[in-house]
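Next come two complexes, and both contain chain A; in the first it sits with chain B, in the second with chain C.
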Partner chain A sequence: MSQQQDLNLFVDNSIIPQKVYRDEPLFGVITHTQGTSPSWLINLLIENALYGTCVINHEKNQHRQLRSNVVVISFLNDFDFYEKDLKRNGIEVNDNQQFHFIDLFTDLFQKINTPESIVKIFDQLSKTIQNIPNKKTILIEGIEFLLSSTGITSIQLLNQINKLNKIADALFIITGADKELIDIQHANPSLPEFKTLDFIIRLLHRSNIVLGLRPLETGRAKDITGTLTISKGTIPFDSLVVSEKEYLFFVSRETTKLFFR
Partner chain B sequence: MDHKRIKLDGQSKMSFRKRGEVLGGPNPRIPNAVPGRGGAPVTAPGIPGRAPLGPNVPGRVPPPRDISGTPLPPRGAGINPLKRTGMEPDLLANQVQNLSVEEIVKHPGVRPSSITSQATISTGSADLDKILGHQGLPVGSSYLLEESGTTDFSSVLMKSFASQGIVQNRLDPKNPNTHVIVLSSNQAWGKELPGVYKGSSRDIKRNRVIQNEQKLSVQNLLDTGDAPKPRASSSSNSEKKDNDLRIAWRYGLNDPKKQQATPLDNETYKDFNHQFDITSRLVPSPNANEITYIPLGTSFKPVIKQLETTIQRHKTKIIRLVIPSFLNPSMYPPPLATSQEALQFVHSLRSLTRKYSKTLAIAMSIPLELYPRDSLLIKQIESLSDAVFNLEPFNQEMLKFLEKAYQNQPTKVQHGLVHVYKVPHLSEKGQMLIMKSEFAFKNGKKKFEIEEWGIPVEDEGEPQQTTQNIDF
Partner chain C sequence: MSGVSQSSTVLLNRLFTLKESSPLLLVTDTIAQSSYYLIKEFIHNVPKDTNIVYISFETIHKPKYANVFIEAYEMSSKALIEQINSTYESNVKNLIIIDSINFINNEILSQFLTSIIKPNLTVLATYHTSLPELETSVKYPNYPSSYKILSFIASSIFEIIPNSKEFDEEELELNLNKLNIVKGLNNSIFQINLINRRKSGRSINYKFEINTMNHNYNLILPDQSLDSGNSMDTQDLLKGLTTFNLTTSDKQKLAKDQVELPFLDAQSFNNGGAIVYEFEKDDDYDEEDPYEDPF
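Moving on, here comes the complex of A and B:
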């Protein structure tokens, strides 16, 4: 097996470059499929956004300095899901004033039902997040689920994301992209498959960096979990350059390792 | 999976080990199992100590537990659920909140996961527990069982899941510890739950003989006290029988231990799981204190509310929620089967498992013939479930092939493949655990077995003698 590699997304060897928090906002999309759950990557992004470090990289012991607020919005998991893993990565989220978790998972459908109620929730959200001082990184997990479980259309949902994009310095949308979710047999705009496909395509056209997590095509392997593909989005950065490449990655209970392909 | 492989290896070597045990070591079970033993050592002195157990089945007597030091008394008053509902809910909630952690640790059907040390419960099938990775289903999670084709193997597992809960609930009649909720309008569902496997018919006969001998009856007293002659003859008989059986012993054929192959790996969690016999019924069938049916209407909203109130009512117990044949049109009216309704419901279920992560576990089966796996609906339900398994029964040709290949060992014929798509906790943390066609299942009278799958080699010239059980 080749040598273990550092995670970096840009040619300057950074994950989220400092420049993002100055004048070049980032819109990232992370797609994943069954078998390659993205929680490890989300945790690394949270850490990097908070401190600019990354536990699986070689210079992990470098001095940590808070640099941005992180808001995690999840439609699929509660706070407990993240807490333990972040703690293992050395982040005490309970004491951390810069970490905010917005739980849109617990009893979600007692709060929302109609597209209007979703719009209302996002209005509230953007107001709350706007009140957070300084730089902001927002990660949204599982938002595509709303397309198949409510009457909201893909355009309406993208408009909600826009509200958050305006107030965030870095925004990551984490979405499932299994082929079953986007495989349309009939071009019927009310089908959830159609909506999800439309949503993802439009999302990719707004992004400036895309990360894809996929299992190996050859099936399960003992020492490799899958591939992480990093590519440019459709909208280019002004000066930042995405380092396009493909990693092999391996997630086990104790460690996460990356290798070049 | 590694431990699975080790187990199989162990089995293949078993005959050697068994031989050593019978010849050399004093194995307490084997002499007991010979019915005609009649020897003085066990019967006569054994009577006084064992007599009080009377009609109970020996294996099922709950261990005497010292509960004097624990805060049981307040709960003792709450045994009757009717009384409970009458209490102030908040006050009750506070009371039980403090108890619940301790209570769950003490629960005989709970053991820590071998991976994450979360509390886990048995699914009612020891083999399924194994491929779940944690030695069971972690409390606070759900498992989805998909079934392709028109067979109904999944109902065996759904019913075992419920039965397991009821059996554990009855371990200590004063201290109910488990509640089963069934999402079904069919109130008779619980009447068809399988009973605990009591051994092969031969074992049952043996046990009956042993029990009769233990009973304090005139006949027995006569036997032990005044009639030495018949006893002597019977003991010599048994010795002779032992000798006759020696060859069979050698091949481990008549070894009751091997036949049972009980999965109860250690004594610490001896009530963690049981083996269920699908030809028997759980007697008496579960009553309203043990099982709650939640009927289906035209919306899932009231169902979720009812679920939550039922869970709150049984806060000190492990809750096993069973959802048999989810979205099956014979039970679910059309409005429930739309992707919006169904997904909102499954999402709410997931939310409930996280909210009641110390008590609730869910088993759900879904027929794939009606809702194919390559549809968005199933994919989303899978992504909301913690564990996903797929049963794919073999077609006729495959079954014929297997029957031919296992001509002499009809019990070895598997019924289908088991695909694993998600394993609780590990999959969500990013591990890739999709295992297609790695396991096969077979449904038998005494258990639902899942083993590693391999295509059998057709061996025409195999001698016939080895596998058949020869009666002397």
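Moving on, here comes the complex of A and C:
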């Protein structure tokens, strides 16, 4: 087996560079498919945004110092899910003032069902998040569900994301990009696959960095879960340079390992 | 050839500096290579006193070069048109950049454009061709698609192509269809396919390689080897290969062309496919034999 590698996204070997919190805001898109759950990557991004460290990298024992607020908005998981996973990575979120979790999963389809209710929720959210002092990293997970389950259009949903984009220093949208979700047979704008493809392509057209998680094309393997491709988005940064590469990753019970491809 | 390359680069420069009068410049891009660098190239070239208005549907932070930045994504089209028209300055050149015209509804597209187009003003609009497009409009069947309307109105179309030297086109398309963004896309060096329409109705087509790092534009000549060069190539290949003479002279070629090949003769069925038997002196013909050919 080849040598285990550190995770880094930029040529300066950082995951989220300090410059993002100064004057170069980041818009990242993470796409995944069945079999390659992004939760390990989300956890590492949360850690890096909070402290600038990464538990799977060599210099993991580096002194942790808080740097940014992290807001996780999830349509897929509840707080317990993240609490448990982050604890394993050595992050105690219960007494962390900089970690904010917004659970939109529990109320999904109860309070969140019409386009109007979604607009209302996002208006509230942007107000709440705006009141958080200092730097902000926002991660939104599973928002594409709203397209197939409610009457909201892709443009309306993007407008909601804009509200958060304005107040965030770094914003990551984590979305599924399975073939079934984006394969268009009929160009009918009310079909979920039309809306989802439209949504993801419009996201990519404003992205600075794109992370893609895919299973191995050759099928399942015992020691490899899938590939992580890091590429530039369509909009370059002013000065930051994305380190484009492809990792093989292996998620096991205790940890995640990365290898170069 | 140098004349073609010169006039084409001149045309491109005239377009970049807004010297060519053109109400609508259409830029079509994909997720593989966005229009970002081409727009930057326009900004690099336009006259200093140009009034640059940026209409944003997907850009959150105001670009440094924009004089006016309009957040259009939650505006009605009427309000947007009013606001755009209020930024117009008649004594200087006006450049209106629309970061993606896909956001403007297909049915009001032509009306939108005609109400903002004025003398001394150029609309530079990006159209994302990766986005799925409706087959037909819900309200009006047979209404043309946004792309068709735009390419009909536009005086020049810049089609953006990723630098093809590095990619296998088929494989790239397969990956992009699965939304796999591979390495090495969205570069500062890329190609454009420029279609320019003259007032006379003549349209000219050039392909350039654009390097936005050093602002070099190179004309890419159409590949001619596919049409005529092939037979010449084998001749060239044989020349000087050995001391034997393997090439054919013109006279030999002519003679070769005139040879009637046997299979051509066999194609003409003048005899209707009948078996023609000619009796020869050595043939033994037996009248009693029932299987003998009864010709």
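By definition in this document, the second predicted complex is superposed on the first by the 261 of 261 C-alpha atoms of A that agree within 3 Å, B and C clash if a C-alpha of one lies under 4 Å from a C-alpha of the other, contacts with A are read in each partner's own complex, and residues count from 1 in each chain.
Operating definition for what follows: contacts are C-beta pairs under 8 Å (C-beta built on N, C-alpha and C of every residue); 3 or more make two chains touch, one makes a residue touch a chain.
Remember, it's a predicted structure, so these values are computed and weren't measured experimentally.
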Simultaneous placement of chain C and chain B on chain A, clash or fit: fit
Chain B versus chain C as contact partner of A:81, first or second or both or neither: first
First (chain B), second (chain C), both or neither touched by A:151: first
Chain B versus chain C as contact partner of A:176, first or second or both or neither: first
Touched partner set for A:89, first chain B, second chain C, both or neither: neither
Touching partner for A:245 - first (chain B), second (chain C), both, neither: second
Touching partner for A:105 - first (chain B), second (chain C), both, neither: first
Touching partner for A:226 - first (chain B), second (chain C), both, neither: first
Touching partner for A:38 - first (chain B), second (chain C), both, neither: first
Which superposed partner A:137 touches (first chain B, second chain C, both, neither): neither
Minimum C-alpha spacing, chains overlaid - chain B and chain C, in Å: 14
Residues on chain A lying within both footprints (that of chain B and that of chain C): none
Residues on chain A engaged by chain C in the complex (per definition of touch): 25, 27, 31, 155, 158-159, 162, 165-166, 177, 179, 182, 184, 186-189, 194, 197-198, 200-202, 204-206, 210, 212, 214, 229, 231-236, 244-246
Chain A residues within the chain B interface of the complex: 34-41, 76-78, 80-81, 85, 105-110, 145, 148-151, 176, 178, 180-181, 183, 192-193, 196, 215-216, 219-221, 225-226, 251-253, 256
List of chain C residues in touch with chain A within their complex: 29, 31, 34, 36-37, 58-61, 73-74, 100, 102-103, 128, 130-135, 178-186, 188
Residues on chain B engaged by chain A in the complex (per definition of touch): 115, 339-340, 343-344, 347-348, 350-351, 354-355, 357, 373-380, 382-384, 421-422, 426-436
